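One structure is given below, encoded as structure tokens.
To keep things simple, chains are lettered A, B, C and D as they appear, and every chain counts its residues starting from 1.
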Amino acid sequence: MKIPYYPGCTLNTVAKGFDVSARESARALGFEMEELGQWNCCGASFPLSPDNLMGLTAPAKVLASAARMGDAVTTLCSVCYNVLKRTNKALRDDGEKRSVVTGFIEEEYDGSTEVIHFLEVLRDRVGFDRVRESVKRPLGGIRAAAYYGCMLLRPAGEVGIDRHEGPTIMEDLLSVLGCEPVDFPNKIECCGAHLAMTRTDVVERLSGNVLESAVDCGAEVVVTSCPLCQYNLEKSQAKVAERRAGYRHVPVVYFTQLLGIALGQSDEMAGLGENRWDVRPLLEAKGV
Amino acid sequence: MKIKLFKQEIEGSSIRQIERSSGEVLKNCYQCGNCSGGCPVSYEMDLPPSQAIRFLQLGKVEEVKKANSMWLCVGCQQCFSRCPKSVSAANLFEALRQMSLRQGKDHREIRDLPVSFLEKAPQQAIVCGFRKLVS
Amino acid sequence: MDEKDVSRTAQDSKGGFEPRIMAFVCNWCTYAGADLAGTSRMEYKENVRIVKLPCTGRIDPLFIIKAFENGADGVLVSGCHPGDCHYTTGNYHARRRWIAFRSLMEFVGIDLRRLHFSWVSASEALKWVDLINNVTDEVRKLGPFAEYKGLKQGW
Amino acid sequence: MARIGVFICQCGNNIESTVDTKSVSEEMEKVPGVVFSCNYKFMCSSPGQEMLKEAIKKHKLDGVVVSACSPHMHEKTFRKACESAGLNPYRCEIANIREQCSWVHHDKTKKTGTVKSNDLTRMTIERLKRNRPLKKINIPVNKRALVIGGGIAGIQAALDIAEGGREVILVEKEPSIGGNMARLSETFPTMDCSQCILTPKMVEAELHERIKIYTYSEVEGLDGYIGNFTVRIRKKAKYVDEELCTGCGECIEKCPFKASSEFELGLNKRKVIYTPFPQAVPNIPVIDAPNCTMIQKGKCGVCAKVCGPKAIDFEQTDEIVEEKVGAVVVATGYELMPNERFGEYGYGRIKDVINGLQFERLASSSGPTGGEIRRPSDGKVPESVVFIQCVGSRDEAKGVSYCSKICCMYTAKHTMLYKHKVHEGQAYVFYMDIRAGGKRYEEFTRRAIEDEGAMYLRGRVSRVYERGGKVVVQGADTLSASQVEIEADMVVLATAIVSRTGADTLAQRLGIGYDRYRFYNEYHPKLRPVETVNAGIYLAGACVGPMDIPESVSMGSAAASKVLALFSADEMAREPIVAGVDKTRCNACWDCLVACPYSAIEKEEVKNRQGETVRWNARVNEGVCQGCGVCVAACRSKVIDLAGYTDEQVYAAISAF
């Protein structure tokens, strides 16, 4: 099985571990993530004004490129997923928009390519049972909090890899890998996103709330699917530690990193070294 | 605050432009406050989403433009996903930002950003941020 | 009178003093509430004997004196909540009557702690159970109402 | 000596598990007067009942005690069984040894349960010994109904009763039936035209062979009790002979004088001889005597001259008629609170401040402006209208504390009517909450806002004043936390719905209850919403509290079905649990009369042969008495008693304790 794959700009740069661990895991599970021959940045934000067609052109180009490779395209980053999926829907449902946008990018595209997140690939195409069978190093009951944030889930009806108020897809994967998933109230709250650029105080507060909420529920590691979440959560730990006596930093990792380790990848391959707080001691302590 | 209400403002051209640009119908909002209740940044907003919408309903666009709310909205869609009337404050704030940016007023100067940020931050944050905050 | 003594002995044979409580209740609210306690299989102290009347407004204060004379150690009166009376204002009449009646009770030498008033609606089974248990406990603490039985005259 | 049979039920194991029924049965045999006693597995089963019947016959029992479940369960069953065995059903009593003994005392040794069952059964036996056989009371029923008030609720009740085959007397105080609904333009939530749906019903009532309508009439008094009322009706002088008048309207046309129209709420004038509105039923004019120069000063008489059939009769006087009926439906409706109470809103001072019903008239095609929205002061079409909700309602300080329930809906309707007629107009509504609970109601108010563009402002208005031909409204919008000012052309006040002036007087005449706002009290607000404490008198429509047309109609129909049920038998059977007075010993202190919640006690005059009053005594009207026993406890002479719960019976039960 081969699946066209759109990495997006961030996975090509600061989030390499996310990318590599996923590709390697796919290989271990018997399928190939085939990077799009030609791609550009998706724009990292879906244009919220229906009259802003400019914002649709970049993702439309990505989709058109994917269409040349297969009937579906997968991504890892939550933001890419959100932007591609929404753009795709806009192009599919609105003929007028479609003709303007495709005219502008001078490529044919009808919206028929399916945008699926890597988690969906694992659940729906590979099957979590297959994943379970392939696990070589069960993760020793490590208590992992799956953090979804906004982009995987909202707006419901347009995106949504799972129920938008109570998703469990990531937890389901984590328990297959031998983790003990930790449910926590803030798992679908925003991390502060691009306010990292303007209002670090807000980001620190929102991401801090996520961290505290996870830790209070017993999390030993927080698992994400988005480089921006990852960045904000890691960056905000210092502030949490400042305002909360006895706070111990929790490692924040991509779900693919844990997947890779469980499937037997080396620490380097899984990019564990890229994380600001190392998850390795924790794994060792659990006998992984 | 004291305001006078005028039909000309309630149905004014700015209001119509905001509605067109956002795809939202202001009258649909019945001011239940769910958006403000769930918005992760409403605590920092001069006008929380529902109140911003209220001023737009009354035709008072300037009140909303003066407020910091639109620059704080991160587009997380929590408001929309829980709105019983399917109104998206996110879309309305986007429309207001566009209105402001299209007049060439940047909310953030690139040169003000710390170098460390530009080095470490994920590309997507920078791309997205520029799209939202800079014309 | 023989039968009565049989029952008295039976209660006393448990050991300590077991008070005898007479309850005057209205048919619509409290009687139905007590029924509900039964259908819900709740459990309460067995010391109470109910006399059913259409309405608390039917209760003549002399009934109470008569009950004490006949060996009751405590008396309970319970009906519908104010405003809920099946007969619209019957319980309100009852209430007004009690106010005048209290002083009479004291005058004839009845310890008012032996006399309890309450409102129990048809759905308040639990309240009924608590009421009986509490009244029983309270009257048990007061001991037998022997003084009053001495005053008994024939009716 | 009594011959009493005692039957102790085991209820399978329900009683037997904690009560030794055999021992109870043996114990009861020892009680004087008991001639038979047994225990049985299921007393209510057919064999159980058969056993009871046989025992009655075999042992010639004159009384039965069944110790079993609660009397609320099977008292009827066993009384019926006794009756079929020839025993008076009221000679059967139940001792409750299940719900109030075996089920609540879980002592498995059976000691507690058995002792208590002994007591309960013995107390019941003693009560029974002193019980007299009672006979059900039968009251003849006069199968005609009186309906007071000819609004939509009263019309509906009258039509339903008449359709059910019974005669109806409909009394209406105005010259026409129709009530407030006749004033409305279109009606929420469907927006059908009020006149179009009401007029056919009015005509149907007028033409119905079993409905007799008295308009311009009021109820002066009511005597009697359920099934047997006598009502006195004052027919006010119309100065027009109803038999002769053809309704041609010539008199109205020619009458040279005018007065303010009540129906149009002062927005228009009418002639001194008039019908309130063109579709009036009956279509017979009345003369407004205080304004008629002929009646006041003996000058004019134009109407009499032009009247072909000579129907005008200046000599007419009020007439009192008596009717005999078996049931009464009260449907006297509502009024609006006088707005003058709210000086800050300028009603009465500022011409362009009007109330909701006046707006209905402006919007009505048969109204003073022919359906065009024009403001009263200068007839200008208002470019903007401010509607103020909750005026007087939910206002403890100056108005009433309740919510008038329909004004949110009619205000939404008004904004739509306005928008339909004045496309460029802007409606503003000040509200505290939008209360639109009802089928399709919320959707209706949303339509006013979303589709018709009414601007709703959450807050109250503090003051209204005139400035340069405009009406300035100053209030708040709490949603934006702003003080709001609007320059409007007209202001409409949604004033509180209140009870009719004189509602209390009528209630006193009828012997029914009313609350502090003079709305009539239901027997039970949930379970008997159309009945009153006075049996045979029913309620319908807004005289009970603010309500809309669908509710008023439902109540009208519900009241009618109660009346028809009452009329379905020639006689009414009543439980014989009623009070009775020992008349010779009654000393006429009237304590009982004051205490009785149902006014069931009457003063009875005893005369000698010469026709001189020798004494007075109390008498219980068995048709009215509900058997509460309040009078018994009230009588200091101990001469009034309650069948089934006599003093003697209660004392016997106490003594057996």
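Keep this in mind: a residue touches a chain if its C-beta (ideal position, glycine included) is under 8 Å from a C-beta of that chain, and two chains touch if they have at least 3 such contacts.
Since we're looking at a predicted model, the values are computed, not measured.
Chain A and chain B, compared by their mean Cα positions, are separated by 26 Å. One finds 72 Å separating the Cα centroids of chain A and chain C.
If each chain is reduced to the centroid of its CA atoms, chain C and chain D end up 37 Å from each other. Distance between chain B and chain C, defined via averaged C-alpha coordinates, is recorded as 69 Å.
Interchain contacts link the chains end to end along an open line, per the touch definition above.
Contact annotation for chain pairs lists A-B, B-D, C-D, with touch applied as defined.
Every residue of chain B that touches chain A in the complex is listed here, in rising order: 20-23, 40-41, 44, 71-72, 74-78, 80-81, 88, 90-91, 93-95, 98, 107-108, 113, 117, 120-129, 131-133. Contact residues on chain D toward chain B in their complex (touch as defined above): 383-384, 426, 428, 446, 449-450, 453, 455, 457-458, 477, 479-487. Per the touch definition, chain C reaches chain D in the complex via residues 2-4, 6-7, 10-11, 20, 22, 31-32, 34-35, 37-39, 41-44, 46, 49-55, 57-61, 63, 66-67, 70-72, 86-90, 93-94, 97, 129, 155.
Of all residues in chain A, those touching chain B in their complex are 8-10, 13-15, 41, 43-45, 47-52, 55, 77, 79-80, 149-150, 153-156, 164, 189-190, 192-199, 202, 206, 227-228, 230-231. By the touch criterion stated above, chain B contacts chain D in their complex at residues 1-5, 7, 10-11, 25, 27-28, 30-31, 50-51, 54-55, 57-58, 60.
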